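Lettered A, B and C in written order, each chain numbered from 1.
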Amino acid sequence: MSGNSWGRVGRLGYLAYCSAVFLFLTAPILVIVPLSFNVEPYFTFTEGMLSLDPQAYSLRWYRTVAEDPEWLRALANSLVIGFAATALATALGTLAALGLANPAMPGRSLAMSLLISPMVTPVIISAAGMFFFYSDLGLAQTYPGLILAHTALGTPFVVITVTATLSGFDPNLTRAAASLGAGPVRTFRRVQLPLIAPGVISGALFAFATSFDEVVTVLFIGGLDQRTIPRQMWSGIREQISPAILAVATLLIAFALLLMLVVEWLRRRGSAKPN
Amino acid sequence: MRPALLVLPLAAFILVTFVAPLAVMLGRSLYDPLVADALPETLRLLRQWDGERTPSEPVFETMAGELLKARRERTLGRIATRVNRVQAGLRSALLKSVRKLRSAPRPDSWREAMIAVDPKWAEARTWHAIRRAGERFTLRHYLHALDLDQAPGGGIVRQPPDLRIYLPLLQRTLAVSLGITLLCLLLGYPIAYLIANAPPRRANLLLLLVLVPFWTSLLVRTTSWIVLLQTQGVINDLLAAVGLIAEDQRISMIYNMTGTVVAMTHVLLPFMVLPLYSVMRTIPPLYMSAAASLGASFLQAFRRVYWPQTLPGVAAGSLLVFILAIGYFITPALVGGQSGQLISNMVAYHMQQSLNWGLAAALGGVLLGGVFLLYLVFNRLVGVDRMRLG
Amino acid sequence: MLLLSPILAGGGPLALAESLTMVSWGGSYARACEKAFYEPFTEETGIEVREEDYNGGLAQIRAQVETGNVHWDVVDMNMADAVRGCDEGLLEPIVPGDLAPGADGTPAGEDFFPGSLTECGVGTLFYSTIYAYNLEKFAEVKPSTIGDFFDLEKFPGRRGMRRTPQVNLEFALMADGVPLDQVYAILDTQEGLDRAFRKLDSIKDRIVWWEAGAQPPQMLADGEVAMTTAYNGRIFNAQVLENQPFAIVWDGQLLDMGQLVIVAGSPNLQAARQFLSFASTVRSMVAVGRYISYSPARQSGTALISTHLETGVDMKPHMPTAPENVAGGLQYDWEWWSDHIDEMNLRFIAWLLR
């Protein structure tokens, strides 16, 4: 056999391998979607589902979730904590990123390591520490406690995304604005903010997604009143999976897709500009 | 504006809400005043004890007084639990003695009375244990976290084999993390290459396929794997329907190590692909074709030209995956069953079940130290300020 | 956020009405208690009963008391935990005056079965851990002794067991031929303990572990296991309400008692005490027994055990205290366990890891 046809076999094998990996990445997530419409309380495809019998599908589990006060309260909690933590993280993170991007910033690498540390520290350890510390301060089992915790976990994402946008930013622009008599606030609003906006929004979305999916600190420092959606799913998975969980999961997948597409769109818009 | 002033609010925020808690936790791993506060006089007298013979009557009398006081203040159970952690079996000796002493009239000799309730009070090692439980500052928790213990005489010994938990678990955690890192590299490298060398539109589409799991809730992905892998799950149903396995021989793929490895690889794969991709994107395809035109086979060209240039991405992805893997908690807790538990799950166990917070803190400290070292390496090789998301 | 915090810290709108948090074991047992006395209590007093589930142990309570964040009021726990929690100062002592006399007017102190009133706990119900199997799996030769649970050759298939050393060690020794009255004495020795773990070793790789009481009937129904240990009432409910083909093996059952306790520093102490008096009346105990097969901790209640409310099944033969069910069973030694639970847990974990 000629070298060329070996090359073709190799290339086909390679593509098959890659397809398998992509399947591994996405199939588990996609499989949940049809199952959430199962009319039966099973976690597997019924014969009716496979033969595409419309009778085998229903919105039953979505109704269960929509009518369950516990899920609704969990949603409200997730939103309150998520929005508050995102607002705080975005404000603090953007300011810090502006400082870090300045070449005059002393101890830049050290500061960066500190600010990123919540992201690389195993969350079980962060949560354990917060449990001791926040309990002493009376913040355990309160909304402010969880908001502070989620803010701390979310800021690294804001810092990273905004810093990334700023790395392509020409410092001469700020200097030019200053020499034209613009004050620092005005310079920020008119010159820097429009340029870094995509990074700030992406960072905010990352921070929100982090809080919206966080379960360990909720397990450690959240009380019955602060149960969030992931916390609710956690007990659902541990005790008894109800098909209602699949409905929630499907909604969360749709939500994640939305967030992802927005962030990707922002990223591409940002990188499409010449540096 | 001064740049440091911009960074200050967040730095202060992180120090207070994040670093201070870790410091408090490490403090807990070294400092435990409960027994020292409850039995101050007994411990003072024990300082003069020769460490060999049964202590004298005044020690017993003081101890009985302090224990009865603790009983009245309803802290005795907690003291007994602490002492029991130093030497198993002392909990019942303490509680039993206090129960008897409380209901009996004042004895002539507390020493005789207590030894009559439990002969352990005559043994020197019991008193060594009380003395050790009374240390305010202690390395005990770190010893326990490494399956070591202090012998009554003072030396350090290994725990008996049927009580060794943490070192085997630490080994398992490292091995599993390494395995998952390799798996991620094996799965991630080829697809990163494919994406990096595809035409822009297709590359964007393929990249989305990697990002979908990245953005999807961890609990959703874990649920998916349960639905797929459980004995009555989709894959087993499929295999049984096709006749590959008999109905009663369904395969256990979840609630064990397989479940942990599969689900964690799925969760961590994007963290490997993204850094690889961002490095590969900057390597012009020209290099490979130039090597090929010089007569190198694909494998030679890959090994000599392409692979070395991707090493920064390999290092970044591998370190990131490894760091995330050794601290992983949620996935093993939900799909790991018994054999798939990792060291983090033991931290959670001592935090939430056994309430041995000193030990939990020490285990956390060990893990934190490990991650910190890896983080330094990562910072050295890759640089945290060059980290990108998505 | 600072503006919001005073509102949020207050616990939100749900905290407005007077309420208390009742922590229990979830699933069909919690539903039975809901019907039997949570709802009647709310009707009578207007105090809302908020429910939370747990799976036993003192950990969460200890965490709440030690960090000063108590948000549980009343907990339904087993004897060993109640005694131990009391020793540790985690529970409020019971006020004897709070307890109503028996159905026949006997003073409370004499009406309760001996030992069921402890310093901080009021006994409510007898329950037991038994093992159950799926009749469809073993249609011809049926398991009948505790030894059969460990016999993989005669009765192949996976086994469900609770992920704790309690009960499992006793089952192992009984199955290994230790006479009932010597189980705890033997467990107290190193050799006895090794023997129990060796017996567990023989089925270790066929064990599926459960944590919540609602799991075992589910695992049996799903075919995940061929037999499983379980709380007797859960299996009973699956039998009568869902017509599941399950059978209970009473041989080797471990009889224990549930206790109601009040967490020290309970934020709604008055309501909690009121609730405890209500829940410990004969009427409440007997009412639970109309939903699930657990029997009253008061002597005057035994005669009042009647039928299952929904299906009319006679409850007497299904109670763990029925004479024919008690015969081959063991009384759970809460004192031994409250003294040894820490070291047993560590040994158990180390064993699981091997």
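Just so we're on the same page, a residue touches a chain if its C-beta (ideal position, glycine included) is under 8 Å from a C-beta of that chain, and two chains touch if they have at least 3 such contacts.
No experiment lies behind these values; they were computed from the predicted model shown.
By the count of C-beta pairs in contact, the leading chain pair is A-B.
Placing every chain at the mean of its C-alpha atoms, the farthest one from subunit C is found to be A. Centrality annotation: B (chain centre taken as mean Cα position, compared with the mean over all protein Cα atoms). Taking each chain's centre as the average of its CA atoms, subunit A and subunit C sit 40 Å apart. Look at where the CA atoms of subunit B average out and do the same for subunit C: the two points lie 31 Å apart.
Subunit A and subunit B have CA centres that are 24 Å apart.
Multi-chain contact residues of subunit B (touching two or more other chains): 230, 232, 352. Shared interface positions of subunit C, defined as residues touching 2 or more other chains, are absent. Among the residues of subunit A, those in touch with two or more other chains are 131-132, 136, 238. Residues of subunit B that touch subunit C in their complex: 73-78, 80-81, 84-85, 88-89, 91-92, 95, 162-165, 168-169, 172, 230-232, 255, 337-338, 341, 346, 349, 352-355. By the touch rule above, subunit B contacts subunit A in their complex via residues 1-11, 13-15, 17-25, 28, 187-188, 190-191, 194, 204, 206-228, 230, 232-234, 237, 266, 269-270, 298, 323-324, 326-330, 334, 344, 347-348, 351-352, 357, 360-361, 364, 367-368, 371, 375, 378-379, 383-385, 387-390.
Put simply, subunit C touches subunit B in their complex at residues 57-60, 62-63, 66, 84-90, 163, 197, 208-209, 222-224, 264, 339-340, 342-343, 345-347, 349-354. On subunit C, the positions that touch subunit A within their shared complex are 1, 4-5, 8-9, 11-12, 14-15, 21, 26-27, 50, 52-53, 67-69, 71, 211-212, 214-215, 218. Those residues of subunit A that touch subunit C in the shared complex are 80, 84, 87-88, 131-132, 135-136, 138, 140-144, 147, 223-225, 235, 238-240.
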